[in-house]
Each structure stands twice: as C-alpha cells, then as structure tokens.
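What follows is chain A paired twice: with chain B in the first complex and chain C in the second.
Here is the complex of A and B:
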C-alpha cells in the first residue's frame, strides 16, 4: 500500500567542486577566491537526497516533493537549468547570500520558517531530506537544526537507504564506522533524513521533465523572498583545505596487485 | 556516414516531441546576441502581441536554447575584441560587472626569434633573423623579440575589451534567463536538424542510454524532437546541426570550409609583483614555429590568457599544440613575466578561418545561421566574438520584424530581413576586406604576412591569389624515408614504448628540448586536463568522434589527428586505427580537419558528431 508523503529537500548550491577552489580570508571571514565567478552546482550530497526523494515520491502516488534552496536568485536560476532536467519537483527558492561559512543557526531559522508555511504541506506526512555533509561546508548541523525548529525528533544522518512499509513505518540504513550500516525502524513520519550518497545514479537530463518543472520554477524564482543570514557574532579561528598531492606517472604492464601495493605504500607514506 | 544522414541514423522509434516557437542550437556569443535582442524588445513591451506564442496559446513566445556543455560558463576562449556590437547591445556596459573583463589598456605586436634553434625556419626567415640578432638592441630586439613600432590599424583593438568568454556567456545567460522569456538548457546536445524536404522544422536532441556506437542499452532515453517555427543555428564551426545543413543543402558555389586553426591557451595566475597591467594585449608571430601566432591578454585579478594558434596551412603533419604552447610560454619575452605564475586552467578550440569563403547559406526555410559557423569571423582583424554577436543581433531584429508583421520564417522572409541587415553591416564590409587576406599563407609565412599587410592596408582591395586545397591536402605526407618521416617513426615508436603522448615524443624527436616540468606552471598534458575545469563526459551518450572508413586510418602514415588531439583523447590504437576516449575529449574539433585522409576528396575521414560534455572550466 502506498503512503502519501510530503518530502521537503533542503539543498543549497555550492561552487562547482570541479573548478579550482582556493580558500581566502575576506572581511566577512573565510571563503573561496572569486566565489561568485565560479559556476555553482546543487550540493552533491543534497543532490543525492533529491534523487532519492524523487524515487520515493514516484513510488508513492499522491506524494509531493519540494526543493527548498537558499542562494542568490541568479545563481539558483542557473543551477536549476540543470537540476530541473533530472526529476520533477516544486522549487521553493530563497534569495539569499552565498559563500563563506554562514552561521548554521541563522540558516536553519530561515529554512524552517520557510518550510513551516509551505502551502499544502501536511507536517504529519513530512520527510525532511538533505545532505549529510552539506551545510556550512561540512558542519553537518543545519539539517538537524531545521528539524528541531520544526519539532521533528526522529532524525537520521548518513542515510543510504529508506524502505517504507505498508503501515507507514520505515526502515533506515545509516552509515557507521567500518563500512557498515546501522539499521533503524521508525514508526512513521515526520522524520529528518540527512543523506549520504544513497544508491541511485544521477538521473539523465530529461528535457520533458525540465520543461514541466520550469512552469513552476520560473514564477517561483520571480517571487522568491529575500533572506538575510545573520552572522550571529561568529568568528573563525582557522580554515584549511585537505592537502592535495598529485603524482602522475605513466606505467605499462603493471599487474593490479603491483599497482595496489604501490598505492598502499603511497597512502601510508 | 555523412552528416546529412544523422537524423535518420538515430534510432527510429516513437520519440517524445514538443513544439516551441524558436529553438536555438548552441549557446555562445552569437546566440547570446540573438536572445539579448529578443528579450530586450520583449521587456520593453511584454504585452506586444508579436511576442505571443504561436504554439502555446496564451503564453509568450516559447524560446529554448540547447547547449552541449555542462554549464553555460564553459565557453573556451580568452579574447580581445573591439566590442562595438556588444556595447551597442549594452550601452551602459561596465566591464567591472563581468568577471575577467577589462578595457584594453595597451597593445603590441612582436616578432619572436627562435632562441632554441629547433623551429623550422626558411632560409629567408633565417636571414632576417640573422640581421635582427646582429642589430640587437639598436633595432629594438629585446629578449629575442622584436616589437613592431606600431600596431597596424586592422589589428588594433584600442577601446575594446579583454574578455573570458565563459564568464561573458555566464553574465549574458543569467540576464537572459532572468527575463523569463528564454530557457537555456546546458548538458543537452542537439543531434541533428529535423528536415522536411529542404525545410528545417526543429532539432532532434541526442539519445541517452546508448553505447559508444549509439545502440540502446539499459536506461535508453530517446532524444526528443523539438519542433520549432524557427531553428537558430549557432552551434559553431564543428556543430552537428550546421554540419548537417551544409551536408544536405550544400554550400554556395565556390564556398568551402578549408581554412582552420586550433587555438590553445593557458590561464595563468601572475605573481603579485607582476608588472603586467590589466588590459595589456600582446600579439606575436615567429615562434615556436614561423606559422604559429600567439597572444597574451591580461585580465583583472592577475589572470592572463596566453596561447597560440596552429593553422591548417602549417603543412607539416607534425603539427601539435600542447607541447608547442609550453615552448611558447618559455620564450624569453614571455617567460620573464610568466615564470613565477601558476597554471590555473587550459583549453582549446577550433577556429573556422575561411571567413566569407566558408560562408554557408545564411538562411533557409525554417532556419537561420549565425556566428562563427556562418562564416562571420574576420581573419584579417583576428576578431570573431564581436562579429558573432553582431550576426545574432541582426537575426534578432529580423525575427522581431517578422513577428510583428505576422510573417512566417521562410527563406525569402529571412533573406529580406536577416540577410539584408547582415549584408549592409560592418560585419559584411569586414568580411569582404578579409576575404583574401590570408591567401598568401598557403605559400609560407613571409608571403602570407605580405598578403595580409596588402589586404589590411588597402581595405582588401589588394591581395594575393591562391588556391586553397581541402584540409586533408594541406597536410603534406612524409616520404617514408625522409628525415621528417623517420623522425615521425621514431616518435611513434617512443610513444608506444614508454607510454608518452605521440606529440610529446614527436617534438622531442625533432630536437625540441624536454619540458622542465615543475608541477605548477609546466605540467604534463594529463595533469592539465585535471586543472581548472576538468573534462566532463556524462555517461550514456554515444561517441561523438567516429572514423568513416577505418581502413583509411590504418593506412594513414601521418596520424595527424593523434598528434593534434588537444586532450589526448585520440591515441594510436592496437589495430593501426586511432582509438577514441570520449572521457578525455575537450570538443575542440581539431580532429575534424587534422586528418590526412578523405573518403570523398573534400571532407576528412573523421565524423565529428554531437556530444555532451567537454571542457568544464569557468576561467576559460
């Protein structure tokens, strides 16, 4: 028996990780060099959440899917031209700043206020989705805070799978150490699920889906409400990127075992 | 398989389809100009009945643009342009609003001597070099470079703009989409035009969920047929739609696509104490080979675009680009300002240099051609972006005129409006002046420079005559026992033996010194592929490079396509035919014209089709 779900995916936009990302410290704190110049993409973790949400909604007729995204309107619009081709959803844009390390509490407040007044949303049917490592460059708290502000106490992080049961309860696989999953059973909605990668491949670009989404996305963007993210007096002690090391070599006729041994040695060095 | 069969070649099934008013193939400066003109007119009066959709009642015009690249900011080019058409569209344009844009502040032209001694110079050129070296500083030679005392007027971009095309496209695109009239869909390659007889009725998008050959696999999704009242073809010189129209309808008598160049460039971050000011523009010639022109454009934020052009008239089949570019930036005149820089990104693109000689039919029933693929690039002034933008605006004005008059997009109506505007414009005048300016290059660099100067200084009234053969005949095959032929064989053996790239081994075999890789500015080509923007290849699409007759490839001795491949996506295959890796292709299109074989005497043996992805850099 299908469950009717109201799924809200919180997904920010981030600088395309394929570009050269360079940390800098500006007057507003740490950020990325030329961040406004870089093309943006939907946060990859949250994108997984969106694809899982769309699959869930399609398996449960009558369900609804909203994508709540906070960012500069122009950037959101550009990102939507790609995302909108993937899966059907209704966009709820919030015109706000991008860049740096915004305060998770302020961001969560804006998101929760927006979700709380979504027309047609039944909170008893709500599954709040987002990326596990998405917010404020990996602080992993915004989604939890949004859930708390909405009064949702069943929260799961690092989710790779959700299986709905006929009685409305569902089983969740959460990532734990050692490459294993913790299996939980939740009595039912509402719940918060911060997704890891899930199990679905990125959907193909489908122009028909894109056209259908655009009928609602363009008007929504036109009347996107503006939001200000308060810094709340935060100060930043230090920020650093993981060190990259590239050592390219062309080799031929090495066995897989030899390559693996070399990699192990290199990682261990 | 010929390009005209592409629509028929795709799987015949019941495809999804939709109707729109205007479908555009490709988003670059030309389409940007077209859509900007359209949206400006609509914004001035959204209630204008001319802008009511003919296919969706009660809605404004349905205008869709499909772009192959994953993002509209992935355009590959650092350019200097006079920008007159761009400024006409944006009278209040402030370059500060566009990342990487800056007004031209100074300009110079340099002749570069060869400090290494590996470049292939004629006796005449060597004699000239000798006198310059003897004259030294007295005649103005510094750092092995002779700076011309003035920049010829036809080259001068004074008052113009230095742009990063990716950033410019992004800036234009965001304004267009904010208007609400236009949708630009990236990551969506157009496979072919939809023909009904000779009329173009829209475009077919590429199939997804197919194998390398295009056969359906799991998750097959048929490309949609987008039926349009007007199809705007702005997909560039190697675009699938333009190629298919040329193939089916032919080119005007005497026209052909025979002159090409590959532009390859680095984007380098200069050191903090760099003396180069934003807006500085350098043009160069003479090094690393006499036929190779070079450029350096300084953007704001200490970024510089520096690159070279390898022309089809460089008859030697050992033409290559990446290694040459590394030698170019190490020339003393450039190295002194670049040596402490950091490579941020890299890119390459084919340029259609035939100009008016390569102009296709500009319009037909249901379609119009704009931009570089319509022969708008002016090869005398070395300018293409502004001309492309201008052709787009001319079509935009024409379309508005036809919409307001309630007239259909027939060949006759488009000729009376779009073509008429273009013929009366500065683009056309420039095209005439440039028409034969480069003829002399078929006879070498000295003759070419004389011909260019003649045309440039007389407004095209005087020029040299030349027969320009098809691109495959411009590649002069080596005699197998010639010195060059033997070096080529050595290079091929070296490439196979130690896994080096063919072009790298080839230049080493020809006496060029090894590149002192430093991991910062001088990096291997494979590392460059991973810098700045990386190469994208969405899974599920067919290979877009195919070999029409593999037997011709196996018999080919030169393998120029492999040597010239910008991304090393073409390598020597085990069976003698090149092997293609879509995941490395930057869609520069160089293989299309760097092929020494032809199954029909005019076109190359390489079929360059529609494909998704390519270089994915925001700084290009």
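Here is the complex of A and C:
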C-alpha cells in the first residue's frame, strides 16, 4: 500500500568542486574570490537527497516534492537549468547569500519559516530531506535546526537508505563510525533525514521533465523573497588557504621490484 | 566568567567512554586550565558510574543521565539527555566529540538552549577569548572563528586531541533525571555493508586509496577487476590498512562498469566522501584533482603510484610519487609483506 508523503528537500548551491577556491575578506566578511562568477552546482549530498526523494515520491502516488533552496536568484536560475531536467519537483527559492561563511542558525531559521507556510504542506506527512553536510560550510547542523524549529524529534543523519513499510513506518540506515550503518525503525512521518550518498545514481537529463519544471521554476524565481542572514555573534579571526606545500619526490626510473621494496620499508610492516 | 561542560557518551560496549569522548575531555581540561574556569563533564550512558572511573583524576564535576533508554543513539532521547546535562551544568561553552551520536543531536540541543553551535573543530585557541579552528569548503579553506553569544557548542573532530587516560578510581557522579517523550524510533542494531569484509578501519595507521584506474583496461586491452580486487584485499589483509576510494571508482557500479565488489560509498574519500586521519596514506591509480586531494588533508605521510607523471599529486600534494603501473608493484609489495610475515 502506498503512503502519501510530503517531501521537502533543502538544498543549497555551491561552487563547482573542480574550481580553485581563494578566500577574500570584504566589508560583509569572508567570501570567495569571484564567487558570483564561479560555476555553481547543487550541493552534492543534497542532490543525493533530491534524487532519493524523487524516487520515493514516484513509488508513492499522490506524494509531493518541494525543493527549497537559498541562494542568489541569478545563481539559482543557472543551477536549475540543469537540476530541473533530473526529477520533477516544485522549487521554493529564497534569495540570499551563497557560500559557507554565513551563519547556519540564521539560514535554518529562514528555511524553517519558509517551510512552515508552504501552501498545501501537511506536516503530519512531512519528510524533511537534505544533505547531512553541505560542501560549503560542512557543518551538519542546518537541517537539524530546521527540524527542531518545525518541532520534529525523529531525526537521522548520514542516511544511505530509507525503506517505507505499508503501515507508514520506515527503516533508516545511518552511517556511524567504523564503516557501519545504524539501523533504526521510525513509527512514521514527520521525520528529518540528512542524506549521505544514498544508493541512487544521478538521473539522466530528461528534457520533458525539465520543461515541466521550468514552467513553475521561472515564476517562483521571479517571486523569490529576499532573506537577511544575521551573524549571531559569529566572527572570523582569519580565513586562509592551507599553507602546507609538499616537496614531492617524483620517482620515474625504478622497477616494480625496487618500488615495492621501498614501499614495504616505508610501510614498516 | 565562562563555565565549561564536556559532553561524553559510552562506547559500544557501554562500559567505557568512547575514545572520541576522552579526546574531548582532554580538550576541556586544557581549555579550563587556560581560562582558569571550572570544568564539568556530562555523561550519557546506561550506567554512567561504570564508564566514569577513569575521570576521577580530572578534578571535574561529574554529572550524568543514565538508563536503558540511553543504550541507543537516538535523537529523541539523546537530545533530552544532553539538554538536561547542559542546564544542570549552566555551561557557557559546551565541548563534545564529533561522533555520529553527538553530531546527530548537538545542534538540536543548542537550539533548545537558545545557543549556537560550530562543528568540525580541529583546534581551540585564543588568549582572552575562545577561538576555534575549522575547515570550510570540504577542507579547502581554513578559518579561525569566535562567537560572542552563549552558550556556544563546539563539536571536536576525532583525532585532534590525545585521549584522556586516568587511573580507574571511585568517582562521585550527580545523576540528572530526565523525562523522555514518547519514543517513536527504535534502534535495532548495526549493519556492515561489506559482506563479511570490513575494510573501513578508522584506527588503522595507514589509508590505502584505490582509484578508478584499477578497473580500466590494462596494457593487454582487458579489464582485470578480479585481479585488482585480490591485490587490494591482499594488501589490506597484510597491513591492516583502511580502504578509501575515489568517487569515480565507487560510481562505476551504478554505471554498469566493472566494479570491486567490496567497495561502497562508505569507502569514498574526498569532496563527497570522508576526510580520514591516518599517519600514512598510499594512493593507487588515482588522479589528483583538487576534490580528491581534499580526502588527504589529514593524512601525514603520503605516497602515490600513478602512471601519469603530470598527475596532481606531483604538484606538492604527495611526498613521493612513483610513476609506475600499480598492478605489478602491488603484487610485489604483497609478496614481500607475506615473505616478511613467514
């Protein structure tokens, strides 16, 4: 028997991981050099959450999927041109700053306020999804704080799998230390799931899905509300690139035997 | 004046504090001494007395939430326990280990107390105030932060402090009582993804990283995934190393290409994986793009085997790069390691 789910995925946008990042400090605090012109992508772990959410929604007819994303409108539009072709969703954009340096508590407050008043959202059916960490701040706290603000006390982080049962309960696999998963069973929605990689591959681009999504994405972006992110007493003493540069020895002319002998000595086994 | 609380929890045995908790105790002691302020240690465990005997010599006030409900790491119960400990301690600074258990709940606790949290802290400094070092952008940018607001929760990365080691002595513990809400989540146990082959070993001295080159066509035009698997597992068996992988190698399973059956996303290191801490690291068949290098940020002594002399590893990231085919090299390494054992 299918369960009707209302899945809200919180996903930020981040500079493409292949770009070189250089921190700079401006009047508003630290940021990245040329951050607004660096190509951006959907936050990788949050993207996993989106794909898992879409798969779950498609298996449970009548379910709805919202993608709540906070970032500069122009960058959101750029990223959505690609993301919209992956899976069907309704975008809820919030116009705000990009990057890892704004305070997570303020970000969570804005996200929670937005989700709380989503038209048509039934909180008793809510699964709040997101990445367990972002690629920018990497704090592992934003989703948890949103859940607290929405009054949800069943929370899971580092999730790789959810298995929904006919009675509405579900089993969750969470990453814990030592390469293991903790197995939990939750009685049902609402719940918060911060996803690790999950088990799904990135969906192929589907232009038809893209066109359907873009019909609602463009008007939503036009109406996106601006959010102010307060620092909450957070200040940056310094922001820098790691200085450690290794003096690499490149070994080109040794045989496999010689390399193996050198490695075994180095390993010290 | 600041007041410091270190939150700790029992390990899987339930009879001792987790290693990461003892590392947080060291950090708390150091900070309390530096600021000349009192230290409280809070314990969440089934039986706190059994876990706390090694803490006697800390001189700290010990408080605990105990009971069967706390045998399981679960948000709804842990958040209540940690909140109660923080309220009992009246702490302005709360240190906790960045374990999966506390990472799951610490932000919620901070919110319930009207406080703020920063995670993945690798160092604590400052003279008049508390300053914390952490990384941003997946270990690509390092920052030192401070907060004027309290209470301030700081989750410490594992391996950044020595684990506190004290003699076992009788201790006085103040038990803090809590009222749990109706619990809707039950923890049923643990599952190891690898079928009988645990390859992730956080406490290993060495990290061995397998890249996508292992399952690419070799000079004979064929893929030798089975041989690659044997060589890798043979090395792990001989050295006790932990196995990491590049994203591209793990992803091949979903793309219908040859795979190493013992690899999962849990092995992944780098931009979308873990950033483990090991004394030594050996990378094989990897390319050295920046997102991959991220996974090596906290590896001490780094060596790599790569066919590409212009690989990113040759640009100041590794200590030694061997320009060679990893297949024959690792076969010889395994043979030498086996011979040494005999």
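Convention: the second predicted complex is superposed on the first by the 226 of 269 C-alpha atoms of A that agree within 3 Å, B and C clash if a C-alpha of one lies under 4 Å from a C-alpha of the other, contacts with A are read in each partner's own complex, and residues count from 1 in each chain.
Quick note on the criterion: a contact is a pair of C-beta atoms (placed from the backbone, for glycine too) under 8 Å apart; a residue touches a chain by one contact, two chains touch by 3 or more.
No experiment lies behind these values; they were computed from the predicted model shown.
Chemist: Could you tell me if A:78 is touching chain B, chain C, both of them or neither one (first, second, both, neither)?
Modeler: first
Chemist: Figure out whether A:89 sits in contact with chain B (first) or chain C (second), or with both, or with neither.
Modeler: A:89 sits against neither chain B nor chain C.
Chemist: Does the superposition put A:140 against chain B (first), chain C (second), both, or neither?
Modeler: second
Chemist: Should A:208 be classified as contacting the first partner (chain B), the second (chain C), both, or neither?
Modeler: first
Chemist: For A:236, is the partner it touches chain B (first), chain C (second), both, or none of the two (neither)?
Modeler: Touch status of A:236: second partner only.
Chemist: Between chain B (first) and chain C (second), which, if any, makes contact with A:184: first, second, both or neither?
Modeler: After superposition on chain A, A:184 lies in contact with chain C alone.
Chemist: So which one touches more of the residues on chain A, chain B or chain C?
Modeler: Touching more residues of chain A than the other partner does is C.
Chemist: Tell me which partner A:38 touches in the superposition: chain B (first), chain C (second), both or neither.
Modeler: A:38: touches chain B, not chain C.
Chemist: After superposition on the shared chain, which partner residues are touched by A:195: those of chain B (first), chain C (second), both, or neither?
Modeler: A:195 contacts neither chain B nor chain C.
Chemist: Scan A:251 for contacts with chain B and chain C and give back first, second, both or neither.
Modeler: Touch partners of A:251: chain B and chain C.
Chemist: Once the complexes are superposed, what residues of chain A are shared between the chain B interface and the chain C interface?
Modeler: 18, 20, 246, 248, 250-252
Chemist: Please give the residue numbers of chain A that touch chain B in the complex, ascending.
Modeler: Result: residues 16, 18-20, 34, 36-39, 73-75, 77-78, 81-82, 85, 204-208, 210-211, 214, 218, 222, 246, 248, 250-252 of chain A touch chain B.
Chemist: Can you name the residues of chain A that touch chain C in the complex?
Modeler: Spelled out, the residues of chain A in touch with chain C are 15, 17-18, 20-21, 23, 30, 32, 44-45, 100-101, 103-105, 135-141, 144-145, 147-149, 153-158, 160, 171, 173-188, 196-201, 232-242, 245-252, 254, 256-257, 259-261, 263-264, 266-267, 269.
Chemist: Where on chain B is chain A touching in the complex?
Modeler: Residues of chain B touching chain A: 16, 18, 70-74, 99-100, 167, 170, 173-174, 177-178, 180, 183-188, 205, 208-209, 219, 221, 224, 226, 301, 344-345, 498-500, 519, 524, 526-527, 530-534, 536, 538, 540, 616-619.
Chemist: Touching chain A in the complex: which residues of chain C?
Modeler: So the residues of chain C touching chain A come out as 73-76, 79, 99-101, 103-108, 110-112, 116-120, 131, 135-149, 181, 184-194, 198-202, 206, 238-239, 251, 254-255, 265-268, 271-272, 280, 282, 289-291, 297, 301-303, 305, 309, 313-325, 328-333, 335-337, 340.
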